[in-house]
Amino acid sequence: MSELRHFCGIAGIYSKQETNLPYNLFFPLFALQHRGQEAAGIAYRKEGQTVVYKDLGMVSTVLSRYLDQPKRSRVGIGHVRYSTKGGNRLENVQPIHVTCNKGEIALAHNGNISNVDIIKKELFDEGSIFQTSSDSELILHLISRSRRESFRDALIETLERIEGAFSLVMIHDESLVVVRDPSGFRPLYIGEADGKVVAASETCALDILGISTYREVEPGEIIFVSEKGLHSEKLKTKRPLRQCVFELIYFARPDSSVFGVNVHTDRKRMGAALAEEDKGSSAVTGAGAGAMGPHPVGDIVVPVPDSGTSAALGYAEQAGLPFDFGLTRNHYAGRSFILPTTGERELAVRMKLHPVRDVIRNKRIILVDDSLVRGTTARNLVKLLKDAGAAEVHLRLCSPEIRWPCFFGIDIPTRQELISNHHDPSSIAELIGADSVRFLPVHRLRETREAPDRFCYACFTGDYPLTVPLPESERTGYPRDTAQQELI
Amino acid sequence: MSELRHFCGIAGIYSKQETNLPYNLFFPLFALQHRGQEAAGIAYRKEGQTVVYKDLGMVSTVLSRYLDQPKRSRVGIGHVRYSTKGGNRLENVQPIHVTCNKGEIALAHNGNISNVDIIKKELFDEGSIFQTSSDSELILHLISRSRRESFRDALIETLERIEGAFSLVMIHDESLVVVRDPSGFRPLYIGEADGKVVAASETCALDILGISTYREVEPGEIIFVSEKGLHSEKLKTKRPLRQCVFELIYFARPDSSVFGVNVHTDRKRMGAALAEEDKGSSAVTGAGAGAMGPHPVGDIVVPVPDSGTSAALGYAEQAGLPFDFGLTRNHYAGRSFILPTTGERELAVRMKLHPVRDVIRNKRIILVDDSLVRGTTARNLVKLLKDAGAAEVHLRLCSPEIRWPCFFGIDIPTRQELISNHHDPSSIAELIGADSVRFLPVHRLRETREAPDRFCYACFTGDYPLTVPLPESERTGYPRDTAQQELI
Amino acid sequence: MSELRHFCGIAGIYSKQETNLPYNLFFPLFALQHRGQEAAGIAYRKEGQTVVYKDLGMVSTVLSRYLDQPKRSRVGIGHVRYSTKGGNRLENVQPIHVTCNKGEIALAHNGNISNVDIIKKELFDEGSIFQTSSDSELILHLISRSRRESFRDALIETLERIEGAFSLVMIHDESLVVVRDPSGFRPLYIGEADGKVVAASETCALDILGISTYREVEPGEIIFVSEKGLHSEKLKTKRPLRQCVFELIYFARPDSSVFGVNVHTDRKRMGAALAEEDKGSSAVTGAGAGAMGPHPVGDIVVPVPDSGTSAALGYAEQAGLPFDFGLTRNHYAGRSFILPTTGERELAVRMKLHPVRDVIRNKRIILVDDSLVRGTTARNLVKLLKDAGAAEVHLRLCSPEIRWPCFFGIDIPTRQELISNHHDPSSIAELIGADSVRFLPVHRLRETREAPDRFCYACFTGDYPLTVPLPESERTGYPRDTAQQELI
Amino acid sequence: MSELRHFCGIAGIYSKQETNLPYNLFFPLFALQHRGQEAAGIAYRKEGQTVVYKDLGMVSTVLSRYLDQPKRSRVGIGHVRYSTKGGNRLENVQPIHVTCNKGEIALAHNGNISNVDIIKKELFDEGSIFQTSSDSELILHLISRSRRESFRDALIETLERIEGAFSLVMIHDESLVVVRDPSGFRPLYIGEADGKVVAASETCALDILGISTYREVEPGEIIFVSEKGLHSEKLKTKRPLRQCVFELIYFARPDSSVFGVNVHTDRKRMGAALAEEDKGSSAVTGAGAGAMGPHPVGDIVVPVPDSGTSAALGYAEQAGLPFDFGLTRNHYAGRSFILPTTGERELAVRMKLHPVRDVIRNKRIILVDDSLVRGTTARNLVKLLKDAGAAEVHLRLCSPEIRWPCFFGIDIPTRQELISNHHDPSSIAELIGADSVRFLPVHRLRETREAPDRFCYACFTGDYPLTVPLPESERTGYPRDTAQQELI
């Protein structure tokens, strides 16, 4: 139930034999649907031309109509995305396709360029025109304007100029190009089977094609796949590895591997860490904190499905408490159904989540979820459980308090909107009606990592690994920022 | 992942105040979507006329376009359904609406009339014309042809003539009529809140409207709701209570109450019974049966999501084994996406279910699901798990072997198609590549019931509670029928 | 621009060879689109079953999705229709398909049964249920309830009981049945080519299939087409021939033959008769009547496209006046476009019709159209022409004044709404801003017929050829009815 | 029935009061639908942002969904278009919207830039990227890259660099900009009413909004409309006026004024000139040429509706022959219906045009149409008429023989495909089965003009008013080119 949104998922295929590329791209994009549900698109080469199909809507809606006819092609890329502030503008749906002095290029991008403002100004000054409001278009402008003659040289020059998060798949003429930024913010995997090289944001997109041999695209790696085979290079830019820890906390699918670990297992580890926090704590915040008994907090561990399920299982195992489904999720509650009027927020929650009264009644519930953004959904959930007879509700979050915006691909609200910039856990508990609220502290989250320094925690700490264009107004004014972190 | 299909879910509303009936019906029908995903419809009264909207498609697709305008109405009914042998014929979508000498009647029906052949022949002879291929239309013919003058008398005469399963909601002129057959095959609940009386197949449909005070419609009960209030009668037909045990095994939502028990809790009880069977068994069938260790069969309990989840949790708790999500389900894999060609069955399964390798690898898996029909999905699932590294896969089903067709509302394939009519568990294990297969025996299933005689087990035993039109060809020829049941 | 609406057009095909019936039905129904634009449907036999596809919408929208696959069938029927008072109810879309003791029957009906009330009451009393609000369903009830054993005998009994207008195509089991009522109110043609027998409302529907050998189905004729060939019978009911003269005035396509004459030529004849009226008249009503000059009324003849085009040509030739296109019609202005709000009626007219100023300016316009119903469109048209510079506008209608409802298949508004029940031509001219208005008198219209008694003029005269259920309130109160006809 | 295609129609609105711009743009675009039926789009300013809606499809389909909500805006533009060789690519649908150093610009373009190759090469070299395959994008690149600081200066610099046909409407920030190229190839009108300034390709688009005071945008004129009012300038580039004569022959709507004349009247004049040709000719080409009688060629003048209607009327009046509708057009035969397979070309023609046998039978038909491109449709039409009983068919075309491609906005096939590059009229007559074929000679066409030198006749003569990128292969090899022109 996280209110965070991701920007996108990408996939690219190079096939030695001519094949129906739209059909082959459909499945990995379908498997990446969770990374972006508002628009989908593909580009592929056919008879020396680049064909692009893209529209607002889910993968099955947008792409299924293009699958039936045999399309003989060797290379194609695809994209799923959430809309961002720019809104549901069709012009921002990817892949972007251009013709320029380096040839025909189609691009699909996962991430965000953090030095966008400087580059955009320069391009503006030089007379470039922008047809989208996405920063992905910058990449194509830079490639085209590069004085280097070859596409490869121009691409490398471009990648060395841009900063931030960029997992990319591109078609250049008849070849596939796969790129991951030097910090490795976003995941990107590449595998091969049956004469097809496939790159995708998560391993689940390779699994669906039956590809079980794959590896991570390395940070700073550029891979060219063409008739001549696969050729890999490394960017010269050296940057510390800063993988987005939120991919593991929330975004990626539990059955995927991301940054070398299985997501489900990693979440169980976070849940276990949270359980240890609760056990060890002599001073749990909130009303129910003083409760005595076999477990200091609860009788039963209940996940918020599906975002909190893995972590809840880890919590329960570690705490020795029963795990049970106190909430069921209605999976028909997708994006297409009518939204109840604003006065009926409770109804909206009831359309998605129902309490199982038998499980809930008279129990002290440890409710596990991934993160807390604004707190509105949590308040409705707590009410749902209490109405269903819960004795106490203790909300446990597998992530630290979110206080800072992200410039590397996550759509986090402004600092003003983030509840943790205004309230400490006990105050949040009061606001949402819970008996207690606890976050996984940053140091604990780090302890669950094998190599903690390889991750980015900037949305919790404000400690950005690269220079970011944080507006002045967002920098100050939240005195909790430095102080409260230790309190927990 | 059961391959069984249900016929439908129903809902009816009577509101003391005029209200937007389509809007009010939308939510309970949405909550009943799992009972029928292929068609949806509503009928309601407006300015002295009955308006009907119905179409093939999901609730959100079919109904959302009719919600926006205020429609001042007091009474309406709705229906969701699976298509049956008759196919996706629009003419069979309910509610059915007719005008006759008893007034205007709209009807939505959950169940099946078992003496349909006798009645249909009689109506044919008398010159009735049939515009649908559903047995629900019979009810309206009988009401209209009754010599009794009032609608009430004609309805009662009709209900005393028909046999089988019939939970009904009807509009007659400006009143709502709610009926449940004397055997109580299908669930039906009625509740009231905010001046609205609401009837629906499951309690989850009342919950979504915030109605927490409700009761079961009693078997053989007829409830008339009108301006004059609520009036209840009982049919004189006396029949033993025979509630469909499959509602609890598979059809109903885990958060619903059905036949007086919470579905999730009941399934956990079935899972626990299955675990006891495994513990007590000295001769587990199949290859992995002889395995030694702390548990005679497995290391870990994995549900087939979502159908086996509750039972798997009950199994794990009873067995003292870890419960984990070795399979994740892609909830985008609804009905709208393109089907891979028949040669790509494995791909179809991969689009829905993915193994979590970290959980599966080198483990002896106890895979829990609700039931086994043809066995094709199970074979693909076992392969998926073994390919992901499972050491052994032991399939456990929370229902006995299905061997007989249902005449009371479930769409079971012919006896010929049911795997358990041709193979015993060890032979099935071999067929699907599992290390063992075990069903919950009928006597065990009965033991999990408080009042075991109040349920129908005919699909397992062939012991039908009413005379049924079982074709001669289906009666004999499966020698396993009587013998094998004890073997397990 | 007539505001009258027709009920429908029908087509039926029997093919000696198995063929794609939906594809073959598409073209004649497409050619009959002008007879009903709000719904379309087909029924055909396939592998011993009757398949029905029908929906609200135009032929191309509703049917084109069903054409691509080869469907091996021999017999099928189709229907296009306008919605009537019953509204856009899907349940009223034809063909109607039923199963009964006479077998499977599908029916498409053009016309109206005039003794519907008596028959419906009887069927109600006997317990029939009605699932549509159309009178076509009656026919099927009567066939099914007939004590005669064979379908043929039951059909004939039924056709002898019903009165009114009924051109029918039916599928009975594997045969096609074609029927035209004894009064011959509605046209119906039958032809044969390439091993296919095709029946359709107008000859244009046969032309499109390349069938140039055809004949009218005779009034009172029943044709059975099956494997055994074509068999024709005549009903015993004797009734005078009463062909609907409005088919020729407005409904049928100009390139069709209807009732044995070409529609375009017939309309030219009406226009010529109107021109003679104008020439001979010494006292033309309205302001411009006294105008002197080579022609007593106008300088130029302008049709309201397309309804008045043929008649205008006939008028111009007879009057020796130039014919020109002073109004152009925007053929994109179909049914799909957004309707301007009610306050913008003029805009609605401008979307359909534009004046050609060069033609109009300073001219005395003789504006020719088919008929006048409420007068609202005419008022807007006259304004359009005057705004474009017309010196005078003289409206000429090729039909007499419409004052009575039709019970034989045309959807005429109530008597209250018909402008000619409240105003004589000079008063109408004043109301709509025209300089004069003239109708073709009934006696003149009759003179344009070869056999004038073979037509029905009831909507002009109130002299119905059969007993009709005219409500008491509609019978009296319009004193102009008898008197004014001569005035003109 | 011309097989020529136009590129587009445009409209722009500036409103002094805030208004619903999409609603206001809908009507003029709807009136311009005939100029482009394959895609439609609008752009308008709203709260400081440019909103763009565009898609493949007709105006009513694409735009009607955006009209309902009040959108407070002052300026907007719109576009309708045919697809061109580039295919149905969504990316080519206009308006194009970009952000650049001159601000936000949206552009809709009617015409073709003839020095596109030179400019595109230059832009490529400088690193511009192209997201569309249309030449309209060039304009925006040039504006952005201009060193002149203000948008106005950059625009003027750009317009002085590009050559060819360009009627433009643009939004720049909150102002509307209207441009017509110095040769005036394409029409463009501007008018004002009710506080709204409206520019559009034809006057019919102003008429529909009730605007009757308008003027042509002058060749080389630039009009800026903003809060400050209307400001007009003239480009310094001097070029001879070369209005496209085909706008009058075929493209524009008969009720429009274009290049200062009413289209319908102009076509009648062309038809009259053609009649004079026939009268004066002592040696009509083709088989029927020697026929005797009151008129050297025919008995009756029949238009190919609707393209030949106006000219046929002019021909008939001049020749003193009867004009009649020997062919009716089915206006439901739009773009949405299923296309018969290629083997059924005759069926395709029959779906659009039907002969009226009564009119045709035994007559010598003078069939009048606008132009002849490939000749395939004409052949089918002649066959249709002869099958319907025509004694002779003499095809008369209101345009000279088309032999050269257009570089100023008309999509003419290659020279190879143009029938008049391979056959003279008598040879064409033989090919299409007509008794004779006659074109309006260029000198006669010129004689129908008041100022013949103000028009472009390049598609007939190859005498282009500007340098054009005619491929070498198209320049030679058609020896008829110089010789045959005089023969006629």
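In this document, chain identifiers A, B, C and D correspond to the written order of the chains, with residue numbering beginning at 1 in each.
Heads up, the rule we're going with is that contacts are C-beta pairs under 8 Å (C-beta built on N, C-alpha and C of every residue); 3 or more make two chains touch, one makes a residue touch a chain.
None of the values given here were measured: they were computed from a predicted structure.
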Study note, to complete from the structure: Neighbours of chain B that also touch chain A are none
Review point. In whole angstrom, how far does the Cα centroid of chain B sit from the Cα centroid of chain D?
Key: 62
Study note, to complete from the structure: Distance between the CA centroids of chain C and chain D (whole Å) is 37
Review point. At what distance in angstrom does the C-alpha mean of chain D lie from that of chain A?
Key: 50
Check your understanding: So what shape is it, when you link every pair of chains that touch: line, ring, star, complete or other?
Key -> ring
Exercise for review: So, with touch as defined above, which chain pairs make the list?
Suggested key: A-B, A-D, B-C, C-D
Review point. In their shared complex, at which residues does chain D touch chain A?
Key: 52, 54, 89-91, 96-101, 124-131, 133, 140-141, 144-146
Exercise for review: Over in the complex, which chain B residues touch chain A? Could you list them?
Suggested key: 26-27, 30-31, 33-34, 58-61, 64, 67, 204, 207-208, 210, 212, 253-255, 262, 264-265, 306, 309-310, 313, 317, 322-325, 328, 330-334, 336-338, 346-347, 350-351, 354-359, 387
